[in-house]
């Protein structure tokens, strides 16, 4: 059932799709209106043109449905699947005009998001076997955060908080405003909006780390620590809080960082270094409307 | 005057900024509310952390203003400027809470868009001295097309059409629906929505190119032509139409392609291969509200 | 299928219909709520009360569907048809409350738009046999431009550009700002947003026409030219650009203007002089809900 | 102060203006961006090009302000004024780009609405000296009802109800659904949403009129009555309810209808027969930005 | 049919429901996503946990449908029904995730609105047998007015005007602005927006009442009158206008007030003193998705 | 500065205010338009008509500013203040029309929200001296949650999570779906969206409590526990997790519950049992526009 497509998307995705179609359509897809007759039907395949981990497949399927709920869409490989160059991702059958009008927006979603999933998979693979989680950040494309975070999960990564309201994360500027790590922790503990939010705090030195730990931090963000400092930090914490390494994490260095024993490594680059994957749509059949349609 | 900030942005940018802030704020920036007092004032600098060509500076400035119209924002380097690592991009002064709440959204815009401008600049530099235009495509991030196209211009590139309604571009699937290049061109000439739109048509062979030219195409999209074929195509056209090369254009090959004499080279990678540039916000002063504020 | 109704409307029409219903409903159709029982069913016919060329029929059908997707709507004469007084345009069957609540908004669309189609048809008939196109302008009712342009096409006319972004049209005030026709053309050629847009320029004299032609204008807007000047202009252009006559075009004068050989005549009056056509809804049957409904 | 412009417009007008600008701008006013420099300033006058009664002046002024709050707008003749061909309506001074971008939308509002005011004035003048009110109907352009009703008032007319929720108006189809005039009146009296709404009922015969009057109707809509029947109806009512004549009212017949003594005559044609008035914008000065601006 | 759910709600209810779901979902119902498998199905019952008069049942049903149109919802007791503690209100069957995600928003509507219906019923019962109407006021929860007014009707009460535009109600501050009751009435009679609106005026003394009556008021709002004054007022009016008592009306005093013979008593407390009724959702069956679903 | 009003409100409050004004205005405040002249100025005071703890004062001030940014608004007592009957809450000075049009919406916000703050204060006072937090629930009025949660804080209470995405709270239905407390906890720990969210779980027996504790629950929701069971539960937990009592909490019983040593008591009734407080607006001066205004 169509509605199933939308209940599986994050909140707001239907609106995002509509706005994306508005943006691409302007006053109408004039080329298709001139070239394709209203009754003409077609069949098309969305294909991977290179190997990738998929994400955004359900969004792309929904794009076709928003343009025309009468299109039949069958997904061959769902989000999180690894596909090879040439493999089919989904088939679409119905009014050819609608297929061509939806094409670019659908591909833009699946290409972008699969890029993030594929990039994430590389980082995750690099730490295989180690008990560390690779997590994303709030460096996400405006209005695409929920989808990009899904893409990170499709690639085997984990998410950090979704927005400013679902976690307390005290950064250097907040500490500066409060005066000290201890005062910052005190204000956060007393002022936190509710008791289901943990408190994470960024520390730049082992001294700060000690202060934060004593002040009851739930998570310690070890920002730009050297590998030796990370190791010392993990030892110091000794399981009393979670530890997150961040800053300048590359594919080359990530395993070394993971081996320090930190619980999490946050990598903005899962999203901001991801290039799009190459996906295309091929029309594999063009026909006329049958009497019944 | 504040309104000046918005008249210089593309239509819809104010709404995009508001939605981006909604997305990042959720039910509120709880960390800042706990840690920073309402009256506290601050001064902050947005800085380039690597060399880049800037884009999105006006958007970032507008983000701060939307969060709090009382913030003073001074731009040091405008869109299109080349800055070095460590250079200032803008200064913000005012309510510290507002500065910290706006920070991430502002940086996400300027970091992403500067990535596109910087990538574009590399392609443009690679064809320096040649009379070719590097143009973008419709492979853009949903809801960010106008800004991404501005970023391409900031990097020295040119834009292709903005959406499906401001140009006729006949692709292979449209030709298949119409039956032939000649029939496709006939339909487009007769059905085009109005006389201010040119007709561009994708051709895969020199025969198609000849047909299209005779049928009156204004622009020929030479898709995935070899360098030899491009040269032959340009000779055949002999200035009677514009020529655009596309398909598999890399930084390595672009100069060779340009030397065939095509008028334009379209490169999706200006946008879909661009990683974000590294920009950060440093709070450089924290104070209390003065009596007058 | 219902969705078919909407894929045949211009982008944004569904939202326009919803807002129109909001406007007319206010807090509810209290008269119908008092007078008609929820279970009552009815059958109604929308009829032409005078001869006309139809437009807005699909929009009106969609209005009934937005009020209640359960209504059956059958269109007897589609947009562009010429109907006589008394002929049926569409039949609606279903919940009587919904039919009566939708009535006025549906009729307002089809009455207005048929007025434009009918007016256009008169102008188009006046130049029958001549190779000229009658085109509209941007003097359209705010938020109704796409529908009004469809109405012009339903009446046999052609459209000019849809908005400020899908064509360059340099008017006298732009020339004044640039300083001269040549400088205006130079700026437009260098600054045009992309290569699929043609450049049209308004000229008031034959000298300006010559300058514009030499500077590479694609279309020349001959504004308020006398018939003699139009003839001279057409001769001067000699097919090297398109010519468009505008200004003070009336039904009386249009054939004479067309005979000068201009390619197009733009007529704001297709829209701004059109009175509405008279269409009405008659309830032709009232019943009770059957068990199955 | 700017806000004053908006408090004097009907609710929703600011949103209507914004949407109208979105519609006309598309992805941007490319012609103006190419041709006019950002710093260039100008002065423009909106002028009547024929005699008219003005309406929409405040809306047009607001259009300029929405495009750029920095524009200075001075209104010379407010809504309801009668102006001659050539008279100034308003002056605008400021950024030339903004003036040119706003021009068409501003003129479309004032031209359309002045057409309605001018048409209304003709009907009102035709019954001069008689104690009758000329009122409009719900045959209004979708989304423009409040403004069109203001235009009717500007022309000396009066308004009928604004939408389906601010008055009970029982039409022939409602009577058919209820079974009789008496039953319709009974349901309306019992079911009316609240006691501040009067009940008006359409009658086609004097018998129906008698029934309605006895059943307590506040207003009687005498639909398509002959002049003799109108006179008889007015006599029968004898001031116990208001009377409204409707149907086929033309400028020729209106005085005769008014002389029957009806309290109101409703005329859809105030709006649906109104052609637009001719108003234009002239740039009367072009300069550069001064240091202080 | 699903759409039936929405045609029976007041205009705007679908949007209100969507916004309510956005508010409660934030970035997603993470608990349910973790705990319940996508394929899991369930059956749930909404039950009254105390005796009450129902309102908001159709809204609650619509909430489940908006979350997932595939849910089957059966209503056992409609709005206006009196139910005992433990009675079923509606059954829902389908995807368990969707049921749990919709639960709180659905209950918040039906609990709040049933509180208003139940409270209203108490006031209405207190005046049983007397020819008085208990009416609400504009003291309603922002954005919930239409639903709250439906709840008042479900409890046997009547509505006062819905908003500032569907009735003239002159209050003390308006009289102060006009200078006197007579001048206020004169301005209202001449300036009223259309002839289907009655004029109600607030009076504080019997002298004002006399003035208002002579000036043609349709309804007299006797504000904060003592019982003796009310009786005198009703005698004075003698059926020539409607009378409405207001101010400090409690359940204890309402019968005494009603016995004075006023036509209406307006009671803000129907809404602003209503506590919510206790309604809960019990999952009565949990299963797996069958092959056919 | 005006903007300050909005930066102190929760996200989305400006939109909520605009919609509330749309709801109340309909097509316009016709009474005020008839009765008050455009130039008339006035001064008004919002006053408490009974003792209360204030909340919604900033929202009410913002309502006046949205209607007319030119109104001067001075707040005498801010949110959280305790005021006596007759005390001033805020003064407004400016265009009388705007003051009267904004009045009802402004009062509806401050009256409702102060009711919640005042009710909360009673519960909070009842546990004075005990180390327990009184917290709210998700039983809040749709679209008013952020404001109602502010009102709870204004009354000395604390908030529970804001929506379904900022905390994991496993209820009985979730446990049923998962099969057991242990399995539910396992799924939550593995599937939680990110590491800054704690896990709370509802338990109905001491056995469940033990399971949940061993499975690593951060917070235990002791639902409908007797006072003895609560005491036993607190002893069992022994500080290893937070404890929250809920279910049937009344003002009479709350101190006894608090004395069991639970960390939090959640009380839906802070919001759903709160009646509105009585606040009114008095016009204290009416004048004419001075030359300068």
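As written, the chain order gives the labels A, B, C, D, E and F, with residue 1 at the start of each chain.
Following the convention adopted for this analysis, contacts are C-beta pairs under 8 Å (C-beta built on N, C-alpha and C of every residue); 3 or more make two chains touch, one makes a residue touch a chain.
What you see is a predicted model; the values in this text were computed from it and never measured.
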Which chains are in contact with both subunit D and subunit F?
A, B, C, E
Interface residue identity across copies subunit C, subunit D - same or different by half:
same
C-F or A-E, whichever has more C-beta pairs in contact
A-E
Here the gap between subunit C and subunit E, centre to centre from mean Cα coordinates and rounded to Å, is 43
Distance between chain centroids, defined by C-alpha means - subunit B, subunit E (Å)
51
Where subunit C touches two or more other chains at once, the residues are 25-28, 162-163, 165-166, 168-169, 193, 197
Is the chain-to-chain touch network here best called a line, a ring, a star, complete, or other?
complete
In the complex, subunit A touches subunit D at residues 26-27
Name, in rising order, each residue of subunit B that touches subunit A in their complex.
16, 19-20, 23-37, 40, 42, 96, 100-101, 103-105, 107-109, 111-112, 115, 138-145, 162-166, 168-171, 173-178, 184, 187-188, 190-193, 197, 269, 272-276, 281, 283, 286
Subunit E touches which residues of subunit A in the complex?
1, 3-4, 7-8, 10-12, 146, 162-163, 165-166
Within their complex, state which residues of subunit B touch subunit F.
21-22, 25-28, 38, 67-70, 95, 97-98
Which positions of subunit E touch subunit D when the two form their complex?
133, 135, 158-162, 165-169, 193-198, 200, 218-219, 242, 263-264
